[in-house]
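Once you scroll down, you'll see the structures, which are given as structure tokens.
There are two complexes below, and they share chain A, which is joined by chain B in the first and by chain C in the second.
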Partner chain A sequence: MKRKYIGIERKEARWGFAFTVPAILFFSLFSFYPILNALYTSMFDKRVLSLAAPKFMGFGNYSYIFTSPDFWNSIRATFVFTLGTFLPIVIFSLMLAVFMVNLKSNKVRGFFQIAYYTPAVISSVVAAAIWLIMFDPRGLGNQWLNALLRTPGVDRKWLADATMVQVSTMVVYFWKYIGYFVVLFITGLSAIPPAIYEAATIDGSSKWQAFWRITLPLLKPTVVLVSIMAMLQCLKTFSTQYLFVQGGAPRAPINVITLNIYTTGIRNQRIGRASAMSIVLFLIMLLFTWMQFRFSKSEEVEY
Partner chain B sequence: MKKTVLVLIALMLFIAPLAAQGPKEEQGPIVLKYWTHEDPNRTRIEDRYIQEFQAANPNITIERTTQASTKMMELVQTAFAANSGPDIFNISIEDEYQYIVNGRVAPVNPQAAGYKDLKDLLDTYTDGILDPVTLDGNVYGLPLELTNWCIFINKKVFRSAGLDPEKDYPKTWEEMADLSEKLVIRDGDILIRRGFDFRYPYYLVAFLPMVEQLGGQLISDDGKTAIVNEQAWLKFLTFMQQWGPSGRNLGSPTYKNARNLFNKDNNDIAMATTGLYQIGRIRAENPAFYNSKEWMVVPFPVFKDAVQDVAASFYGHYLMVNAQSSKATQDAAWKFIGYMLSHAEEYLTEVSLIQPKKALFASDAYKNIPYSDVFTKDFDRGHIVYYGAASAEFQTLIRSAVESVILSGETPEKALATLKRDAQELLDEQL
Partner chain C sequence: MMRFKRFSLSTVLIWAALLLVLVFTLAPLLFMLTSSFMTSRQIVRMPYSWIPDPLYSANYLKALAGNDGSWIFLRNLFNSLFVSITVAITTVLIASITGYGIAKFNFRGRNFIFMLIMATMMIPFEAIMIPLYMVATGLKMQDSYAGLIIPFLVSAFGVFQMRQYLTTFPSEYLDASRVDGLGEFGIFWRIVFPNCAPVIATLGILSFRGQWDNLLWPLLVTQTEKMKTIPLYISKFAEEKLTDEGAMMAVAVIASLPMFILFGALSKYFIGGSAVYESRKG
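Let's turn to the complex of A and B:
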């Protein structure tokens, strides 16, 4: 009987697999299983409190949500929030990171890093609660803006107006997450060897040219990473919108998909329908992540 | 390998439903998990009841957990969804009803709760008050409290605006808006002091009765049509539109809760709508204001051209017992509930909670509570809050309609059309 030959690469691969087993088990339990369970549940008319066997609906929940104006409003609210938050976050966090890397004083740089990063470690619920107080008609939001613009007594309707409440949720998210992405960009910028800039300076390049011709191309993997992370965070946004609605803000303008999932599944107890929504959100996130990878064609940069 | 993964996935998918359990049988000491909403005054007396009950029943331990009332609904529901609900809980009846129809709560054991039989239990409570928790001849909950809302008035604020609270208090909603206009203090568009403001999350308790005053209904008598009498709904939505920042700017859901501000007596609210329990809270939070007698309670207003006199709906928090707890635990739970509820007068005098027992309404303790007569008369004018399998969803729809006219600039006609469409669709799903 011929003995099966196992190459050294294959042997190493077995060890590699063994080391990844804990991670696979973790993700299977806390990520893959909930996704598959949601997919399974989305096929049934399942109610949270019912002990009776749920009725099989096939794609009934999906056809319902795709004909529901409420769900399409949630798609709109999610995309408005994502575009309004993710683009400014990526652009401004890159600008701030470049600004901070170029600071000569380490103390000043450290101060800015801490100042920008602090909101990221505050829980989303606390952050939203702080801003809820600031956006109260008698709160600091109106007071500061009116003092700055010399417009006493004007109510900016931070939470009351349909447009303003969307802007308010974006402001909270921007404030909370910008520091986190600044740190990621600083890490990416620090990896670019100074010798490249020195060579460019000798060749007569200006700082502006160095940014567009050296920094940005070499920072591409970090830009892709930050873009994907920021976009996924924005698509998953929940706590800010939830707390604002609890605080009296109108639901419809900020009824993002996650909030709709909560209302449908928990308030209205239709867990099957909520599962269908969560699967749609998952597919949207998967599609956008794939598109970003596909179109950015991220190359590994080696120095 | 692929087969193994597929088998594992299939197993995982089916394990969870199998984990659903029926009543557990339990031997030995009993631990009762009791979840209820925060109320410091009630905590004080219930902690004492727990100590007394445990001393008399050494094999029973009670773990009492409190949460914000706004969080209770979802916490209890999430726990029940995972088949690990508390043994005893209370939430508002419009949310509790689903636990009954879904078989998640156990019927009252009258003997364990201290009654001779079911008839004795029914005779103890005022007529009809156990109807919302009665299904197929079984009673599934005992009322911890029955609440209706009237209007609390700060007399000082009235007088500061040149008004006589005893004479000028609002009898109609139109007067409420006009009085608020006189009482309000603004810094430009910003309200520094409000005359009155609504309790916005509670659309079935206080807003639906306003529609009913005008002849409207949420559901028709035959149960087949939602949003009956569109003219009444339109008038109500127009009133709310005028109330908000885009109308007369008298109030908005985005301002601080009027009921909480009222206790502080900080000259920022003149009137709030709330229940008798507010008296206990004023006394606890601001004794000086309580003792000053600078507050009064008047009936829930009606529209000037109301076709029927309807006060705010009353709602109950019923204590219920988890049907998945063991029989011994269920009996222990009813025994403890019966013990707590046997102190109806103390609940009234210490916490200002009304247990709708015939004896309590006839007692001097009830009659001596300030303004209890106002609440009693409004009980007679009102009815139990709408409850049903989809009450939470109906409330969400009414909320969306009101918010869209107050805050989103939608016309009452458009908001009504959306409400009518969605409510009818929801009702059709129930049929």
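Let's turn to the complex of A and C:
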């Protein structure tokens, strides 16, 4: 009896291995090996076309990039983009989600949800391409802003001015992802039981009070998680900046880390230096992911 | 009376905000569609006229044939479709079989394997693209379908989703099938896989989108025009945009059609699927 039981267990283990080993091999080759390789290569002066063996230089690549104004500019560009994008996205999508949850009709809410989500469906290259044309000096970007501010005929230099081109990339991202984050917040909001609001209304609270005293505190874990998710997305932005630079926008203001890795590693063939930048990007994102795990563990709300 | 008035004011403001954002999200899409039927001069006319008049459809011919009349766009379109569909299928298959193995089989090291796969979610593609490019070159995969597809065969997020879904799958069904003499692969293929339909749809769409949208990796791994994908074709247009805005928007419309069709047919899987953390390679 006992022996047979062990036999089944063994058989189960064998099948378990058989089903999981292919994926493990895959991830080893295409995830773990590359990140370890990046760490290793970042210690060498490796170039693609050079025939000489790569020279070991310890932390030389790191000290190079951390003293290079070009890389500091990339870190600045990445963080400016991340802050300038995730804050408006989180604030506006939370606001819109609260508005939409208060809509009486499910059909109307569903319509808004789908309409807001539509830009997230198209690819980021297409999104950047549309806005590239709308930001033409004679394009809709200027026409709308001038109509809104009643300043006819002013050219905002969306793609030419160093500050404006940063704003432009943020607008593209904001436009593309606002609906995505509205959906995330609606999911979070619908988890709050209506009984709590009913109790608050009976106690005489207004909708405004209910939002600040009930919705926001209960939604705090969602807000934190969604914020970190948005930041992680923004930190690895590439397509918009790449396309804008291709379209003739100045590179320096929007030369985010990913774009810099691409230029350094592929265009300039400085593999070692690009690997060091990759490791820095990895560590920054790891910090945010770690924060995400910390919060999702400690901030669970039970109703 | 006061209360009623205040309530209606806030309602008006809420509706104004919702409609304003509606215009903001939909107008650029409408701009893409209308301007794809306009000449460059019409596109930058002030104020922009939302109805193309006359309807200028030569943009689509220019988009399909290219400036040099090479029709390479069709090949690039095929590449994008082929890569995206293949990755969607392999991701669903491999993720479900791996997720099933982790969820329903007891073996030593199971939790370790699961942790390992989860850990790869913390490695952003952007941070490993350079070494990955070296791997692809080492395996002689550059400028080929293998190079475009193999690094994305399965995603850790997919395994995670499948595992979460299958953990709640009743083990009694599996045992009953074993008693009936079905082999382990037979159980997976006939019992488990067909029962994962909702996750399969969400995951398939997510993987398809990931590759349809992928600019960075094809940018590294492809060299010849005939191996390029749609995002690369569009970015090539960006360099020439001053002369070809209408054609660029026509390309954008064609490139968006598959996603719009999928979204129209399966919007609930899009919106449901976005409620969870996006794929690391999204």
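The criterion applied here is as follows: the second predicted complex is superposed on the first by the 243 of 303 C-alpha atoms of A that agree within 3 Å, B and C clash if a C-alpha of one lies under 4 Å from a C-alpha of the other, contacts with A are read in each partner's own complex, and residues count from 1 in each chain.
Here, contacts are C-beta pairs under 8 Å (C-beta built on N, C-alpha and C of every residue); 3 or more make two chains touch, one makes a residue touch a chain.
Just so it is clear, the structure is predicted and the values come from calculations on it, not from any experiment.
Scan A:Q209 for contacts with chain B and chain C and give back first, second, both or neither.
neither
Should A:S63 be classified as contacting the first partner (chain B), the second (chain C), both, or neither?
Neither partner.
Can A:I266 be said to touch chain B (first), chain C (second), both, or neither?
both
Classify the contacts of A:T201 with the two partner chains as first (chain B alone), second (chain C alone), both, or neither.
neither
For A:A129, using the defined touch cut-off, is the partner it touches chain B, chain C, both, or neither? Pick first, second, both or neither.
The answer is second: A:A129 touches chain C but not chain B.
Please name the chain, chain B or chain C, that touches the greater number of residues in chain A.
Answer, by number of touched residues of chain A: C.
Please work out whether A:R138 is in contact with chain B alone, chain C alone, both, or neither, and reply first, second, both or neither.
So A:R138 meets both chain B and chain C here.
Once chain A of both complexes is superposed, is A:N37 in touch with chain B (first), chain C (second), both, or neither?
After superposition on chain A, A:N37 lies in contact with both partners, chain B and chain C.
Using the touch definition from the top, say if A:A252 reaches chain B (first), chain C (second), both or neither.
Only chain B is touched by A:A252; chain C is not.
With both complexes overlaid on chain A, does A:S190 touch chain B (first), chain C (second), both or neither?
neither
Residue overlap on chain A between the chain B contact set and the chain C contact set?
32-33, 37, 136, 138, 246-248, 266, 271
Which stretch or stretches of chain A touch chain C in the complex?
Contacts found on chain A: 9, 12-20, 22-24, 26-27, 29-35, 37-38, 41, 92, 95-96, 99-100, 102, 112-126, 128-134, 136, 138-140, 143, 175, 178-180, 183-184, 187, 207, 229, 232-233, 235-236, 238-239, 242-243, 246-248, 257-258, 261-262, 265-266, 271, 274-275, 278-279, 281-282, 285-286, 289.
Would you pull the chain B residues touching chain A in the complex into a rising list?
Where chain B meets chain A, its residues are 8-9, 12-13, 16, 20, 70, 74, 77-78, 80-81, 98-99, 102-104, 186-192, 200, 244-245, 252-256, 390, 392-393, 396, 399-400, 403-404, 406-409, 422.
With touch defined as at the start, can you tell me which chain A residues reach chain B in the complex?
28, 32-33, 36-37, 40, 47-52, 70, 135-138, 142, 152-155, 157-162, 246-253, 263, 266-269, 271
Across the complex, what residues on chain C touch chain A?
10, 14, 17-18, 21-22, 24-29, 31-32, 35, 43-48, 94-95, 97-98, 100-102, 105-108, 110, 113, 116-117, 120, 122-135, 150-151, 153-154, 156, 159, 184, 188, 209, 212-213, 215-216, 219-220, 230-231, 234-235, 237-239, 241-242, 245, 248-249, 251-252, 255-256, 259-260, 262-263, 267, 270-271, 274-275, 277-278
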